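Note that the chains take the letters A, B, C, D and E in the order they are written out, and that residue 1 is the start of every chain.
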Amino acid sequence: MVPLPYYLVLSGILFACGVTGFLIKRNIITIFMSIELMLNGVNLSFVAFAAHWHALSGQVFVFFVMVVAAAEAAVGLAIIIAVYRTRETLNVDQVNLLKL
Amino acid sequence: MLHLALFSIFGAICVAGAVNLLIQRHPINSALSLIAVLASLAVEYLLLGAEFVAAVQVIVYAGAIMVLFVFTIMLLNAGEEERTRGSRVAIIFGIPGMLVGSIVVAWVLLRYSGTGSVPVGALPGPPITIAQLLFHDFLLPFEVTSVLILIAIMGAVVLASREETPPPAERGHI
Amino acid sequence: MTPNLQLWLIPLLPLLGAAINGLLGRRSSRQAVSVVALVFCGGAFAWALYLAARFSSLAIPHTEFLAPWIRIGGFAADFAFYLDPLSLVMMLVVTGVGFLIHIYSVGYMWEEGGYYRFFSYLNLFMFFMLTLVLANNYLLMFIGWEGVGLASYLLIGFWFTKDSAASAGKKAFIVNRIGDFGFLIGLFLLIKHFGSLTFDQVFAAISQLRPETAGAGLLTAIGLLLMVGAAGKSAQLPLYVWLPDAMEGPTPVSALIHAATMVTAGVYMVARSHVIYERAPEALTVVAIVGVLTALFAATIGVAQTDIKKVLAYSTISQLGYMFLGCGVAAFSAGIFHLMTHAFFKGLLFLAAGSVIHALGGEQDMRRMGGLRHHIPWTFWTMTIATLAIAGIPPFAGFFSKDEILWRSYQASWIYWLIGVFTAFLTSFYMFRLLFLTFFGEYRGAVGADLEHGAGHDSHDAHHGHAHIHESPKVMLVPLVILAILSVIGGWVGVPGSLGGSNRFDKFLGPMFRVTTPAVNAEHAAPGEVAPPEKQTEGPEPQTGSGTELMFTGISVAAAALGLLLAWWLYLRNPELPQKIADALDGFYEAVLNKYYVDELYAVLFVRPLVDGSARILWRGIDQHVIDRAVNDSADGARHVSDNVRHMQSGNLRSYAGWVAAGAAVVIAYMVWTGAR
Amino acid sequence: MNIETLSPFILTLVTFVPAGGALLLVLFPRRDRDVRLFALVVSLLAFILSLHLPAHLVRSQPGFQFEVNRQWITSPNIHYHMGVDGFSMWLILLTTFLTPLCVLISWRIHDRVKEFFILLLVLETALIGVFTSLDLFLFYFFWEGTLIPMALLIGIFGHERRVYAAVKFFLFTMIASVFMLAAILWLYAKVGSFDFVTLQNAIRAGQVQNFSGASFWLFLGFFVAFAVKVPLFPLHTWLPDAHVEAPTAGSVLLAGVLLKMGTYGMLRFNLGLFPEQSQRNAPWIAALALIGIIYGALVAMVQPNMKKLIAYSSISHLGFVVLGIFSFTTAGLNGAIFVMLAHGISTGALFMLAGILHERRHTYEIREFGGLATPMPIYAALFLFIVLSSVGLPMLNGFVGEFLVLSGAFRAHAIYGILGATGVIWSACYLLWMYQRVFFGKVTHEVNNTLPDLTVFERAALWPTAVIALVMGVAPLLWLGAIDPAVQKALAPFAQVASRLVGQ
Amino acid sequence: MNGILQTADYVRILPELVLSVFGIVVMLLEPLFDERRTQRTLGTIALVGSLAAIAASVYQAQYPGFAFWNMVRVDGFSVFFHVLVTTIAAVVILTSYEYMSVQRIRAGEYYGLILLGAVGMCLMSSAVELVLIFIALEISSISTYILAGFRRREAASSEASLKYFLLGSFATAFFLYGVALMFGATGSTNIDKISQALQERTVPTLAYLSVALMFVGLGFKVASAPFHIWTPDVYEGAPAPIVGFMSTAPKAAAFAVLLRILLEANAPGRFWLIWFSAALSMCLGNIGALVQTNVKRLLAYSSIAHAGYLLVAFAAAPQIGISAAMFYTAAYAAMNVGAFAAVSHFANAGEKYVTLDDYAGLGRRSPILAATLTIFLLSLIGIPATGGFFAKFYVFSAALKADLVGLAIIGVLNSAVAAYYYLRIIVVMYMREGRQEIPVTKIPIGLGTALVVSLVATIYLGVLPGRVLDYALRSAGQLVPPASAVAASGPVAPAR
């Protein structure tokens, strides 16, 4: 018997980790991973809520999220490759052509 | 009781993996720790009785997406990330912001009553019922995802394809 | 029923002349121009004479409505003319003297460039002057008032290529404007309290005012303000400064505008407003004091001037002072009387001076003249007559009018009289000085030698290149003669009773000044007023005083004679003496020679500070360094802020994420806070 | 056809004929000469049409006439509501009168002729629209509409620092007028209508909720927008720059008409909608006006640049107008309108004259000239005439208005009249001094000896102004007759207001 | 809900269907044409597709109601946005003709992405189910990510794409989290159910939290402060026509979603949130734009400011506020697409000429282009007789109706300040002489049409806005049930 808030907090922690990763990681790919981390955190709370409300729609939602995540991954990695081609680096701090 | 134990164990692994993702400096390690997170999350789903989701989690995420990641990392043979200090803002505003935000969220979530606790397999998500929803109530979103994926494919092709189109033609005066 | 007198003809004829000459004159011959000018001006004169002839048979005062001008709400000011003895006299003087001077100018200006301009201006002046004297309300009067100012501006600056002339014109206009400022405020007061500017209505309303009602203070204020206007126009202290400079204009102009007519407008206005002044004793006193002081002050300056026209200018100011003194002691008819005679002899003086200058090819400095009486006898004799007249030697015109003023002023206060007499002495002194320096002794100048005189006279020089001094042409002499005659007999219309005369002039004018004078006011005159003037104003001649009056007459004549003798002694007997005297009291002499440095004083006190202040403080200071600066600075400030905002856009992805996260944190915190409440 | 049937459409016609002309101009004529002629014809047509107004205005009836009122947009409830009364009619005529002269005076323009005249005509339409519209929205519409063409005229066809001037002009007026927009919107939100008359009645009847609280800010919102246009003392800094840089025609319309938009707005809207507030704020406004009169004159006196001088002089003159308006006296208001018209004529003419000189010598610096009366006598004579009319010489247009304004101001507060009357002296000082420096004395610069006198077009542009200046001075009743009833009507509420104020 | 789909269901997603079909067709046909002809042909097909979609949306208007078991709801509101989005797509396609041929961009994917992206945007406006909204949002986002990076050779382009993508997904995650919490708070993801749930029960804190998170996500999409930060970089880097597209269509869609979620779902406690976000957006956007020298970047800042103006309408009372917002999106779309069309034409190959200095003397060199651009800029300033004026006007009057005097004042002041930097462009075009000679090509037919269309739209909205306004008002009425209108006007109270 696990109180629902536990799950929610866990998901929250994952989400927070994702945000932190986005903020502190330099490598674009890792940053992208942090985004995935955030999505997973969200998924967890979806499932948890689904259990709480006894509504399967939550789980379906998770399913859609995964699909979206997959699509994003495809596009994102493609973009990363494009950037790497033009800039020869994966460090975000060096991807700052556009500014001010 | 066992339930709580399992939750805590795998929850711990999740958090550990997530943290590890942050502290690892080589993308590969981060990717691997992310996989750990995903796997243990699948277990959490099982605990919540979402077998289908759990399965999909393992197959799609761990199976497909992460492979993609690792593949890209290899392709661009990304090395150790150097600790450039490009952004003060992220540290000065971002981190505190994150902390404040997460604290508030955590406070809300914890204080969020109206929850009993969740028994193991409280809501069995067998494929049948899922399918019911997916192909009936959520038919339209399901179909639309195909568009999404189509776009993703096109995008990948356009952006990542290496075929050389000649550089833009300069227009002369007219 | 009053017949329609077509009064409007009188001002409008000259206007027509001015318009024709102004618009067509450039292409038409001098003959045509002079004919037009003379015909229209003469027409006005003729019509004035006709009216004068009919005058006795008219219902006086006679008002003639021509057209509406301004009418808003209850207020109305129309083009309407007003005929009464006063305006008749003025009208005759203006048209008559004006006409003569027109004739004279034909000769004087013949060689000048811009001939048509001159006559069109001259006619324009006639128009405005006649409007001024014929107006039936103050606003119409103000038209004429400003208009004559304009005309004098144009005529003084007639030789506009001469900078001095141009600035003189400007100076005249602006100083007049300062006077007009006071005049305007006076009018506003009238409007505010009587809701009208028409003489009849205003005066009627005022006669209703009981002095015990607070009207007195108001009337004093109005009186003083109008006085400011008059002082500006009639060149009284402290606004007289423009008149001497005005001598830059052609001499006929000086004769017509700055001696005979325009400058007397102030006197006319004061006389016209006598209803107000009679009820404002303080104002009247001020008028008298200003008048007497001006008379003295100007006379002293006149003593030391060397420019023939300047001497005449200062004597004009001084004579105007007499007129104001006259009005100031409520002897309005006396003032007007002197105005008339003065018009004759001063006009004559100027014309004669002009003839001298003409003869000498533009020479104006008396130190380069002398002994001219053989060369230009006509001019000499007429000039002599005029001098005698102005000096107040009986039986010439000036004597009677001046004497009457002095007598009246004595009745007001002996100080007035004393100063008056002294001024009379000075007057005759400097006038005879002028006469002697110019016509006696031997010739000191050098005509034909290259003369450094204004561009305006170049043509003269060209014409009189051969060094021989010649009498002026007939067309110039005729007016001289006529005016000379007038200067002799002009005064006889006002022979005082004491001299066995019956002062017809006073009888003619007196009534209109007397009617509105309620006896009651005598008592209510402000206390401390020495011999409240109303008592004597135009009261039936105090026969008892005739003896004393004779005595005073004698004194003033003596003073005049003394002046004559002194002048003779100094400038004919031993001509080196003046220089000695001058050296003896050089500081004072310098001051007098330089007109007490009044112009310089004004420059230091008003002009410089105004110009510099505007330039430095207002324009560069406030306008550019405060207001404009503020505007531009705020613009720069905005740009500065914008630059800082730009730097949020560091271009670094993680920073952006930082902003987003921070923003999200704020939003979340706020929302939760709201929700938790 | 019967002329009477024209009356309902006349305003629309007068307003949009120039714009239509501009449209045709876009499409048709190519050669510059045709463009000029066409523009001239159009503007003259507008003028002739506008003559219909005074011809058929019922002078005895104070209200709005020639009204046209159609629904334009249902929500927001915006009407195409136009109408004129004694105030606006003359300003419309002033506009239509000046525009042909502007066309004539701009005959020499060679660069981008087409654009120039298109902008000019569009500007005319916008100006007329401002004076005709009775729907606040429509008013704002035209009000902003004047901004663009004017700014472009200055910015494209102006002189050296034209860009700075144009931007300054645009921003100043723009920023100020948004306050008015805010006020208008507030009124609309509360009353649900933009119609001037409706609003007026609603306010008079006190049907606007929490109006009393907001009225001051509303008043201020309108006032600021107008004060900048006038321009009132501290807000005037855009004017000299704009004038100096603007092309002649631009300056003429700017000084002649645009500035009047501000004073007209005060008269129509500040007094019309917020009588009480107007009464309360009159003291400081009058103070600003007086400062403007004296300050403008003094600064004008020391300007080395002819056009700047004229610009500052307009600040001084417009001060008279504001003073008159906020004296709330019959004379004051009548005078204010009359000064508007007179100033429009004489200052417009002055700018034309200055422009003529600039065309010949390409400078406005006074010290570049001197003794011009010798080479160009006719020019000098006309210049003097206009200067005198601007100085306020009786029998010319300047005097009547100033006299009325001052007497009105004096009636309101003696000190207003006295301080204002000093303006009479100042104007003589700066204008005559300038005239002397430019025309009198010997010719100082050799170039000036050869300056040609007025051309036919220039005379054609200048004579009408001179004649009108004279007529306005001699027969002001022709104008006042129509103005006075409107003034009486406008002043009607102030009686009650005064009593109410006393009550408080 | 029975298991059978009626034709009505399909009609109610007809535009989306049409668009996706044509998108796929374009994509498939691409290989069949050779390099030269591909551009024009495919462009034409895409254009036809979008036109058909417009027709479909108009036709669809006759069949209001729910479809696919309460997934989408066709009402005036959604139809409005359908038409808007599809029109924008059409105009952008027209704009792109020339651009593509110059840039040698692969037409198939390009047009395909525009069309399919439009599908997502249409769905966003009509979806009433958070799942669907999320997916639609992703579709539109992802397609714009890709389009932003279409000039792959340019480092700037791909960088823009990367930034947009990463930050976009970041924000999406927030939005998703919000959805999850909303699901947790109400047990449903259907907007109507949610609004019911929120009305019958006392609103749990969780709901507030979720609204906050969703606002973060959507605020990012509409580029409202403080989530505007990405806009300038992305707009600068992305291809000009695409900027025209993504600054209007996805934004409009996102605003539609925001409206649905905030107003239809009657999200609690939104008032001050929007208030501050609006004020901040206006100020930051305008101030930031003052010193920009790159026209695309300048317009990016201006779009932030315009998002702010739009949010003002959100803060105002629901019904009139919604209609104001709808009108604003339309007007803004008209002028901004037009402006970027002009910019993209002038920018020339490789987008060389995008700085203010390049625009110097444009008024002389190509008066037509300059004039049109001027009109768009004037409209952006908000000069009468242009759509921009009425948009602002309507928004501010709505705000004042709701007694948001403060916000309205901030708004008008900002619009006055904004005048400065738009004016700078006009000034440079007309009042400066061009320094270096820049090739000015004559306007091709496609672009010309695009310009004319947006010009006409701008002027029409500026002179006769009545019809559109009325339509917006009516559909807003359908959108907001009176009950929620009352409830929503509740939070407005503190403003007084």
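Criterion: a contact is a pair of C-beta atoms (placed from the backbone, for glycine too) under 8 Å apart; a residue touches a chain by one contact, two chains touch by 3 or more.
Predicted, not measured: the structure shown is a model, and the values here were computed from it.
Q: Using the touch definition from the top, what's the fewest steps needed to get from chain B to chain E?
A: Step count on the best path from chain B to chain E: 1.
Q: In this assembly, which chains make contact with chain A and also with chain C?
A: Touching chain A and chain C alike, sorted by label: B, E.
Q: I need the chain pair with the most C-beta contacts, please.
A: Chains joined by the most C-beta contact pairs: A-B.
Q: Would you identify the chain whose C-alpha centroid lies closest to the centroid of all protein C-alpha atoms displayed?
A: Located nearest the centre of all protein C-alpha atoms is chain D.
Q: Give, as an integer number of Å, the spacing between the C-alpha centres of chain C and chain B.
A: Distance between chain centres: 102 Å.
Q: If you average the Cα atoms of chain C and of chain E to get two centres, how far apart are those centres in Å?
A: 79
Q: Round to the nearest whole Å and give the separation of the Cα centres of chain C and chain D.
A: 37
Q: Averaging only over C-alpha atoms, locate the centres of chain A and chain D and give their separation in whole Å.
A: Centres of chain A and chain D (C-alpha means) sit 65 Å apart.
Q: Could you pull out the residues of chain A that touch at least 2 other chains?
A: Chain A, residues with two or more chain partners: 8, 15, 18-19, 22-24, 26, 31-32, 48, 52, 55, 57, 60, 64, 68, 71-72, 75, 79-80, 82, 92-93, 95-99.
Q: Give the residues of chain C touching no fewer than two other chains, as numbers and ranges.
A: 646, 649-654, 657-659, 661-664, 666, 668, 672
Q: What positions in chain D touch 2 or more of the other chains?
A: Not one residue in chain D touches at least two other chains.
Q: Using the contact rule from the top, write out all pairs of chains that touch.
A: The complete list of chain pairs in contact reads A-B, A-C, A-E, B-C, B-E, C-D, C-E, D-E.
Q: Contact residues on chain C for chain A in the complex?
A: Contacts found on chain C: 646-647, 649-654, 657-658, 661.
Q: Could you please specify the touching residues of chain C with respect to chain E in the complex?
A: 638-639, 641-643, 645-646, 648-649, 651, 653, 656-657, 659-660, 662-664, 666-668, 670-672, 674-676
Q: Touching chain E in the complex: which residues of chain A?
A: Those in contact with chain E are residues 8, 15, 18-19, 22, 28, 31-32, 35, 38-39, 41-42, 45-46, 48-49, 52-53, 55, 57-58, 60-61, 64-65, 68, 71-72, 75-76, 79-80, 82-83, 85-87, 95, 97-99.
Q: For a test of understanding, state which residues of chain B touch chain E in their complex under the given definition.
A: 104-105, 108-109, 111-112, 114, 136-141, 144-145, 147-148, 150-152, 154-155, 157-159, 165-174
Q: Which of the residues in chain A end up touching chain C in this complex?
A: Going through chain A, the ones touching chain C are 19, 22-24, 26, 31, 92-93, 95-100.
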